[in-house]
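By letter and in written order, the chains are A, B, C, D and E; residue numbering begins at 1 in each of them.
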């Protein structure tokens, strides 16, 4: 896969969004695709953080939820248009992520997953309990970007956001920051000794990926139109992790593959009830972790080394 | 003199393209102290690790008493009577010295009477740790910690004690303290010792026999007194040879 | 096998859901023109109140079976399209939309949580499809006056208002409302604070707690320390039982009034034990209720099918289904839009009396049936059920 | 008002003993293998289901339920170590610590879903050993089961202390925790003692859950709550420190109850997180953790 | 006298009770190459770690190109013109050779494209062009050490600290390294090189500093040091 291909991928997504919006999909299929964009943004940015920067955070769904609730607040209380929130919330959540990073990235190693896990838990309790602000489990309702149930706009928007994600990802991985992140992932001490400002790079990675999570959350809020604390659960985080891990952590298109696989499974087993879906998906992810540690992409690339030599970043 | 340890053509390689030991032969007489010296990168430490079973042996034989041990894993070699005191700190810092010693007899821990006897023996052997048996090992000086490790290595009543640079990183005062105790250990004639050392003078002073390694192979060997006599030439030789391209 | 019954019903559930899934996956023609499809969106798995969801599903299955056995509605067979809302608002809303767009449901029933119902109302409005609420108590559901939304069942402000005379008559001066942090708990607490203004000498304190909590001991210690005369517990989760058990454990002496029919659920006495003695529960159900012929048919069939009596909310659900049936019969069509037009005017014999909607625009009594009585019943010994419980007071 | 204070303090301590019991296994395993086990809560959950099975379904006495819980917890912990963790920590991959976190995290989600499928979502309850509410001087009110659970928890932790400081197994554990190289040269088999640590960790988790069952309920998602508490306890106490775990368990119990009573009843589960963040800000290695770089 | 690019005064560092560095005064001029030799445990690597900021000294000062860098995190001296190689090579395993090298240019402020093009040239210079796109994990030990040298070319430092560059590498690679060091030294880079390969390093250096027990035991030209009985004594201890 050449650099050119990497740059074509965003266009592909935008084109797909446009094309699908014209076909007139069944709502259930459109839903599946649009919410897949939400998951792609989350799994993709989590992959940037964990797979490329080596920082394993469990706050990602929490940050997306913050983005969604922030969107609702701006729209309901602030009277802003949903479109504005799609720009504002990524910035706001990046700041939130930066604050969290200041606490969590001070110590290296297992502390980051633990602190971010704690953040997610505390934030979930807050969302449910601070009902005067968040309306508790009654949830918040906000108007959609377009009134009614027409999904064609969201398909286009989804295509654009997915494309945008890949542009940001290309910019990061092919740019300076991406290289510094990966150097820190591979050996923090040596990177430090070479002159890399470790903390700054980590915070930057944390903030950019938080911004993408915030964008995902804002997109979700503007699309679904109802928010509840149940949006933030460790089960959801499990989904996102599973998507990144199944596809291949540390690979550009790993999360995309993971999202496609998991969302397809979800689509085909959806009649079975939530527990079945979860058993199947976490079961598969577990098997991948144990037997194909680097995910589907790495496995395929080992089977076909020549064709896939350049898949790795 | 009967040989407690016999090494024949020992080869060790960490990676396939870099062979650190390229066929070393060595004999260690029962209850004697054999010192192994040589320039940096000669493969001295690697030799001990190969014998202890913590470095990958790719060829050769190791006989301990009548037993071939090169195929055993590290834990099995402990059982067979090999005791390794590595260069890095291996003391249990938050346990007392006594508890450290107790763990030295791990493979025969069920035999309480034997264990108590060995602990008493090893505690007695090293005068400079004897007053500190109840102290936390981590609170002792670097030299004393090293002595605790050596004493711990003896509790299990090994047939072979491998000491890897016991004074590396210690101050001269501590070096002398450690060697005073190693000398006492040798006088006790209770165990066969292979000692790798950079402090050649100290090593020669306590050794019965000395092997010189260079570039992963035998260079020369002889009784300690004889090697001491040729020492100036040997060392001058190293200074022109040092850095043979091998890691130590 | 840990739980045979649970297992079997789950398998049945699975089978029916798979069937629904297959139908959905297939083309629209699976829903033949002569079939009427009704959407059932209920909490069937965690974190939703799956306990109640299961009861809802049983009632709905039974109703469909009876109707189809009797030749359907106007000769047309009825099908149920079942969706799980998992107690989540966003899932409930999208499930509702799927029920409408994929399954072509004529009306949506079975909704449980007020939070979910409030989100679904927007979908109902958008697609102009009737949404039938039966035990979601938020005033807003009918107070918003959406033409598509109907409720045969009680609502918070009415319930709260009916509780005030009880509180006054019992001489309670200090009342704590222990409310879970959901629409159900807090919605009631708010309504009660409002209603109790009619009794100026009664002070009310609302104590909020996490709905999914497993330990209320600390909360109950605080409640006990404030020495109230009565504690009104408003929760559907395990806290119903926990609050009683742990309240007594930490020395709570006050009367406990715990909503609604939960003390009649099978796990009440096994979890609460001695602490349950003296508990008062308000209910809409009492042997003195005048069960109609329709109601008897339901109760008998339910007992025959599942081996135990239905709870009162299942009666309301039954009436909801019959309301849809009445509207289809009256309009001669299963078009959702037609039903929205027809439903406000239907009258029929419900399970406990005639059912008709009040249609007072601008108030909560819009598309709302409210002819139910409230009974306060006391459990005097371990193991007391509905029949043994002492009727303390009736509010109408 | 002092009555409420004393009562809260006592309740907090009683609760804290159980938190400590839930968490000791997590700490023990971390000390030896440097593995943070996110599936620890599910050991507890499955243990309590085993107790329900034995007591409720088979009708055996209550104390057999406790044993069943410990055995089931130990068995699942052992299996987790052999099947999930060992392949990772014996491998030569990078970032093993992070990978074990992902693996155990996914395992925990899997076990919750699988338990929900197998057992359903109904709340189950176990009878306690002392089903009685006590009024001490008509001043302090406690349930007998809570006292039984606390006493049992403290007894188990005392047993663990005995094992750790007085037996060969404990010596091996401490040796592995303090200096893996030293443990290797004296011939301690890390696999064997890691297995034993996992067995103990699962047994303690299962037992804690079974002791909690009469006070609370048994259901598939209960492990999440257990994990969160255990987690906070080990972080506050310092990963790998058993003394720290005991202290932090009691501290967490007291803080939770006190804050619930005196600040706001709606945020019980959030206070622990706040406490944890506060501790981390000032002592990143935890109150009893050793200084130096985190693993 | 030429410009002093690195100077330490009274540098001390202890770990627990072990005084690893016991008061080292050291000066390095631009264009000078100093060999640091001494027995194992003498504190050679610790000395480099102190200068590079990996360890914080307990006492003493470090001046880099006239500015004080004592107690600063390692990335600061690196950005002020200090280059440091590691005993086992400093490669990032999952990055390609060219990316590994380009980092050194980027830290200096180059853009990624520019850095990669320079890195390509540097790799060609050390003979790694054929493996430029391989992940460093797939390279041999010697090749990984050459990555450090390609980085050295890109980093354009004022001071370069090399820790056992030749350990475990074959003579051809040693010659490449020698050529690069000589060239950069002649352009004014100050070098401090730890090596056990005395003939190799003596052929490059102007001055030798012998460390033992954390102190400077002797300093002088290679010939003076070789003849110094105290130095031989150090090896004998």
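Please note the rule applied: contacts are C-beta pairs under 8 Å (C-beta built on N, C-alpha and C of every residue); 3 or more make two chains touch, one makes a residue touch a chain.
These are the chains along with the protein names UniProt gives them: E = ATP-binding cassette domain-containing protein.
All of these numbers come straight from a predicted model, not from anything done at the bench.
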Going chain by chain, each one touching the next, work out the least steps from chain A to chain C.
-> 1
What chains do chain C and chain D have as common neighbours?
-> A
Farthest chain from chain B by C-alpha centroid distance is chain C
The chain whose C-alpha centroid lies farthest from that of chain D is chain E
Provide the C-alpha centroid distance between chain A and chain E, rounded to the nearest whole angstrom.
-> 42
Measuring from the mean C-alpha position of chain B to the mean C-alpha position of chain E, what distance in angstrom results?
-> 32
Which residues of chain C are in contact with two or more other chains?
-> 45-47, 181, 208, 210
What are the residue numbers in chain E that touch two or more other chains?
-> 93
Each of the following residues of chain B touches two or more other chains, namely none
Pairs of chains in contact here are A-C, A-D, A-E, B-D, B-E, C-D
For chain A, which residues count as touching chain E in their complex?
-> 174-176, 179-180, 182-183, 185-187, 189-198, 250, 312
For chain A, which residues count as touching chain C in their complex?
-> 26-28, 31, 125, 128-129, 131, 136-139, 141, 148-149, 224-228, 230-231, 233, 270-276
Along chain C, where are the residues that touch chain D in the complex?
-> 1-3, 6-7, 10, 45-47, 50-51, 181, 207-210, 213-215, 217-219, 221-222, 224-225, 238, 241-242, 246, 248-251, 267, 270-271, 273, 275
Mind listing the chain E positions that touch chain A in their complex?
-> 52-54, 73-75, 78-79, 84, 86, 90, 92-95, 99, 102-104, 106-108, 111-112, 135, 151
Which of the residues in chain E end up touching chain B in this complex?
-> 16-20, 39-41, 140-141, 166-171, 174, 195-201, 213, 226, 232, 235-237
